[in-house]
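Look at the two complexes coming up: subunit A is in both, with subunit B in one and subunit C in the other.
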Partner chain A sequence: MLASILASGLAAGAIYALVGVTYNTMFSTSRVMSFTAGQLAMLGGVFGSMFTLKLGMPIVVGLLLTLIGCAIIGIITEFVAVRPVLKSLDQHLYVLSTLALALMIQQVAAIKWGTEPQPFPRLIGLGSGVFDEKFWLPVVACAITILGLEYLYRRTLVGRAFVAIAEDNFAARALGLPERNLRVASYALAGVVGGIAGFSGGELLLAFFANGALLNFYGFVPVALGGLGNNRGAVVGGLALGLFQQAANFLVGGIFSSVAVFALFIVVLLAAPQGLFGASTARRV
Partner chain B sequence: MTAVTATPAHQEAGAIRAALPQLAPFLGILALAVMLPFISNDYWALIGTRAAIYWVLVSGLNLVVGFAGHLAIGYVALLTLGAYTTSVLVAGNVLPPVPVFAALPVAAIVGAMFGVIVGLPALRLRTFYFAMSTLGFATIVTQIALAWQSVTGGGIGISGPEFPAPFNTAWGFYFLCTAFAAFTTWMSANIARSRFGRALIAVRDAEVAAEATGISKPKMLIAIFLFAGALAAIAGGLFASLQTYITPDAFTFDLSVLFFIAILIGGRGSILGPMLGTIILTILPEIAAPLAAWSTFLYAVLLLVIVLVMPGGIAALLDFRNRRPLASNRAILPRPAALADIVRQRAGGSALALRDISLSFGNVRAIDRLDLDVAPGQIHGLIGPNGSGKTSTLNVISGYYAARAGTMTLGDAALPPGMPALRAARGIARTFQTPRVIGEASVLQNVMIGGTIEGRASFVEAMLSLPRNRQDERMLAAKARGLLGVVGLEPLADVRADRLQHSELRFIEIARALMLDPDFLLLDEPAAGLSSDEIERLAGLIKAISGRGTGVLLVEHHADLIFDICHQVTVLNLGRTLAAGTPAEIRVHKEVVSAYLGG
Partner chain C sequence: MAISRRDVILGSAGALGAATFSFPKPAIAQTEPIKIGCLAAMTGPSSAPTIGFNRGVYFAADAINAAGGVKGRKLEIVMRDTQGDPTKAVNATQELISQAKVHGIWGPLNSGEALATTPIMARAKIPNIHPCVVETLIDTTKFPNAFRMAPSNSQWDDAVRNYCLNILKVKKIAVIGDTTGYGVTAVGASVAAFKKDGADVVYQANIDATQPDMTPDLLRAKNAGAEVIVVWSVTTGMEARMFNTRAAMNWDVAFVGHPSLSSGEIAGLVEKPANWEKVYAIGYKSVSYDGAGKLPAKTQDLVDRLAKAKVAMNDTLLWWIAGGIDAIELFAKGVETSGSTEGPGIVAYLNSLSKYPGYFGDYTFNPTQHNGYPTDEIVMSQASTARNGTFALAPGYT
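After this line comes the complex of A and B, so read on.
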């Protein structure tokens, strides 16, 4: 049983962590938390199943098209729901605009794709039991994504520009960085990360429209625990959440595991509203 | 006190006449609702009933979302809770069966309790976090309803409660729900118009100023979460009866979206707007039948359009009064003499004393061993270069910062560090460097906020508009009008505050602070941004305030104003006292002249 808890816990945790990274990627350049993060991961599964099973494309082509599709949705998010409300960030209108867009994405998926969970293809065909690929694929995908992002942020010019904007928007603009284009790029990147989460977790979660709302919540928990914009915190928080949830799932049953996750979320946030690894807030008066 | 004790009967009649234009739309909707049976069929009875039930929930949620500004997007959870509580109690599968009219109040109590549990995170969590926590709660309630088969019937469901005659026909039940809706409208409107409703908006838009006027955010929020939770649960009971049979599938997240969006389409801080929003969203899928499957998509598009194009919602569209242009050449003409009618004359009283106060931010010493005394009836000037610790000192006195060392006393009693919400009760009022005014409220309402802690009626008395609450309202309104006269803004009393000029906002803040009839008034750069005429009038006003025995602590950069009106002046530099004394002494003090005044 311990092996099953570990396998499914790490797999689910890796998916949550990737959704958390999706939140962070969008947040870093725009200071906006978007309800579309979970929907992007849902679309990763739906697009993947659509391209490979429905349209019969090879896996690699399917993956590529899925990531492109998710990147486009990410860019649409920036144009439709983020850019227009950035001027009045303090009014928190983004909560509403991104919620509206997330609902629209979910509703279109429900109507066009169907409200039943649909199968996702076996991608490689390696492993069985607790070493089945549906368990280790998300973990590998998460590791590769994190390493890739670290490389991007530390070694490339574009990545450093992202970091500069995340650190101090005004100073970055004063240096002449094309803030708006970089923001669009970061939303495309967030779309790709969300797509990877959905695609690698497709065998575990299936192609199901309701995954969006679920991942929205479970992907936000690690962000809240780890502190906004902190990818390392999101990964640690995501894996911990996955293990906690699966352990509760095996030990006390599915319903109470979600109650336990919710209780944990609320208790931790009330104790440390800025997250376990986050910094405290600015002055008010 | 002449302005405060005008004859109540006369005012009552005047108040009703003034409220009539606002009341008319509600009466119109009620008249339409009563006429509905005579102009339509049973199908519309169903839709009408549904709209009424939704409104029972939304009228409570509106106070949470529209007034308090908390984005509670998972309220379907409380509807579910109420529906199952009522159904289970009436069906008697856990306890002996209970009549439905006894089950509804029980459901209301359960709903109120859970309303607070779901709402409490709002005390610590901001916007998106709070939205997520309500969303999470909505998910687990459905899962529990599905899993707890012995009580809820699981996926198979349970039959809803049946109401006794005459409410067991379509139109009978319709009238019952409409009556509930009318009653909850009345209650929520009472709360919205009372000092509690204004305090909610103050916490939403100017939280720091709300604390300074003594508004306790936890108390306010718990009261409305109880109210909204109870109404949502009652709506759930009615909803279960309308459905006749409930399963967890009946409570989709789409319903939550409908409730939430109805309020946003309606507009923040309005009751009529969300009511129209609820009616429109309930009817919309019915008249566009082919679109029924797309209804949530439609709601989402509406939400996006509202947010991007018309953030004020329907209420802003209907707000004709605030579109009339204001006179552009208006001047602020204070009448300090009128202060005598409103503010009591103090004789002597105790002094405010700071001893050895230190405060640091990281390695920066903002205040370093400061001693300061403000005597009653005196104007004490606090000057110094930028970053010398003037505003920090005010913030320590009003409790926003807790000093690292030192003591504060008011007379013989110690003033506890921190706890800004307790300062108002100790007679300390203040204004802010950047005016913190509620833009969406009228000037009069902004000033009335200042007197919130003077009201004596409880939340329940306000909800039912009992005599004590009406007395409070009359007292606060009369006092606020009087003070607007004192600061010279009386003609603008009914204008939305965000339409005013900067200098006018400064005088609103002073009027709001005076609502407390404070022993001590802390003014943070009140002359910044004022014209020289206005500064002169401000000087007269401050002198009149101190003339009533109030001690004034004045932070200012206008040296002329300071030397003109202050009795005592303290000069700060790098958090330390550079000099203290009378204006005449300070004016010739060598170090002050070289460090600050120049010359």
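After this line comes the complex of A and C, so read on.
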């Protein structure tokens, strides 16, 4: 039982963590919580299945096209749901605009792809039982993504520009950084991260339009637990969520496990409103 | 002769009274087509049954018209796409009744829409035949014009219970459903009925259909000593995950339950075909083949006719096609027998049916019972044996 909890808990947790990172990547350059994050991960599974199983493309080509497709959806999010409401961030109109776009993505997926889950291909064909690739692939993908993002943010000029925008938007613009282009790029990057979440978790979650809403919800929990904008916090929060959820599945069963997860979530937020790894920020008045 | 004022008044009153009597309709009215409205979710996520039903509807209408129609009157199918949306179904119903002036309505084809449209049709007293499973859609007091020609939820439940207790002869039951309203209600009703019949329900659960790993629930069911798992869900992803998990656990327990267990999509979701064996889904005698691969003679005759008419059967279920044919033929017989397209005549005809031999089943209706499908024609099918929309009978049937 313990092995099963660890295997599926870590796998689900890694997917939640990647969706959390998707939220953070979009938030960092726009200060917007875009509720399309889960839909991007859903599309990662749907595109992956479509390119590889339906269109018969090789896995690598399917992965590349999936990531490109998700990046385009990320850019569309910025243009359609974020840019028009950036001037009135304090009114939180982005909640409405990004939720509306998320619903549109979900409905189009349901109509064009179908409302039943579709199979996702075996990507490598390694392992069985609790060591099956469907359990360890999301964990590996999560680790590689985090390392890649750390490299991007710390060692590359573009990454440092992302960080500068995230730190102080006005100062970065004053220094001549192309804030708008960087924001578009960050939404494309978020699309890629979401696509990786869906593609690596495809064997576990299948290519299913309803995964979007689920991942929107469970992907938000690690962001809140780990602290907004904190990728490391999102990873720790995501893995903890996955393990706790799976343990609750074994101990108390399906419906009650969701109750247990959100009871814990509320308790943590009551104890640490800024998240376990977030720091409270001073606001100039 | 002098005409008095009294004569004028009497004469006027007589003329006025005579005017209120109906005159015989001109002959032209008897050549007008018989209009049958169809509320069908032709597009959208719940369109799969419609595709099958519509093939039967048009096949039946074409066959009747080719044979000269009903007493010389042609059938006209007035099709409306509801897209599975109750609001659109309501609008289409009102349009069919008030604008298109149909003589009867077939559908809607899913319960969500039917819950919205049935009261409207009752107010308009329009004869209505539908295949929707929700119990409350049939109420001869509130909806005396509505007839169900497919099983209700409770009939499915009875058939599953009968198979588990009397054919598989198991007593320790696990009942699992999804977390939708349907899943929760169906699991509750199933558990209560099993307990009433003396079975030991050792495990019951409602699982989120998107839960990626089914090991926790199947492990608990196994540890509780379950001898069969009854499934009430329409989610093929969840069902396939359960079959895969059962195989990973090396557990040979049988799954019995909802027709979606035999959905073609499961073939692509199970890790290997063997995982889909020992799964028994609700099916129907009329569209099941026996151990020798033979369908009932009447059904085989229908299949031959459908094949001759180039009606595709390999991507749908035969009972959907057969149900569509039966519905149209019932309306046509109603007009033929009552001699009129008036609603009361068609309703009276339907109320008089006893074991009417349709292709899908033998229907029986009377003024106080509008659930027309016989429970004993509901059987379990081997879920993975689809062939032209028909299935092999599950073990235990002769």
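In the analysis below, the second predicted complex is superposed on the first by the 280 of 285 C-alpha atoms of A that agree within 3 Å, B and C clash if a C-alpha of one lies under 4 Å from a C-alpha of the other, contacts with A are read in each partner's own complex, and residues count from 1 in each chain.
Keep in mind that, in the parts below, a contact is a pair of C-beta atoms (placed from the backbone, for glycine too) under 8 Å apart; a residue touches a chain by one contact, two chains touch by 3 or more.
Just so it is clear, the structure is predicted and the values come from calculations on it, not from any experiment.
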| item | value |
| --- | --- |
| Fit or clash - subunit C, subunit B, common subunit A | clash |
| Dominant contact partner of subunit A by residue count, subunit C or subunit B | B |
| Touching partner for A:206 - first (subunit B), second (subunit C), both, neither | second |
| Contacts of A:169 with subunit B and subunit C, given as first, second, both or neither | neither |
| Which superposed partner A:84 touches (first subunit B, second subunit C, both, neither) | first |
| First (subunit B), second (subunit C), both or neither touched by A:111 | both |
| Subunit B versus subunit C as contact partner of A:214, first or second or both or neither | both |
| Touching partner for A:258 - first (subunit B), second (subunit C), both, neither | both |
| Touching partner for A:96 - first (subunit B), second (subunit C), both, neither | first |
| Subunit C collision site on subunit B, chosen from 148-156, 364-372 or 580-588, when both complexes are overlaid on chain A | 148-156 |
| Overlapping contact positions on subunit A, where the subunit C interface meets the subunit B interface | 111, 214, 253-255, 258 |
| Subunit C - residues contacting subunit A, complex | 44-46, 179, 205-213, 215-217, 219-220, 235-237, 240, 248, 263, 265, 268-269 |
| Contact set on subunit A toward subunit B in their complex | 33, 80-81, 84-85, 91-93, 95-97, 99-101, 103-104, 107-108, 111, 213-214, 216-217, 220, 224, 253-255, 258-259, 262, 265-266, 269-270, 273, 284-285 |
| Subunit A - residues contacting subunit C, complex | 1, 4, 8, 11-12, 110-111, 114-119, 129, 204-206, 208, 210-211, 214, 246, 249-250, 253-255, 258 |
| Touching residues on subunit B, where the partner in the complex is subunit A | 71, 73, 120-121, 124-129, 131-133, 135-137, 139-140, 143-144, 146-148, 207-208, 253, 257, 264, 293-294, 296-297, 299-301, 303-304, 307-308, 311, 391, 395, 400-401, 432 |
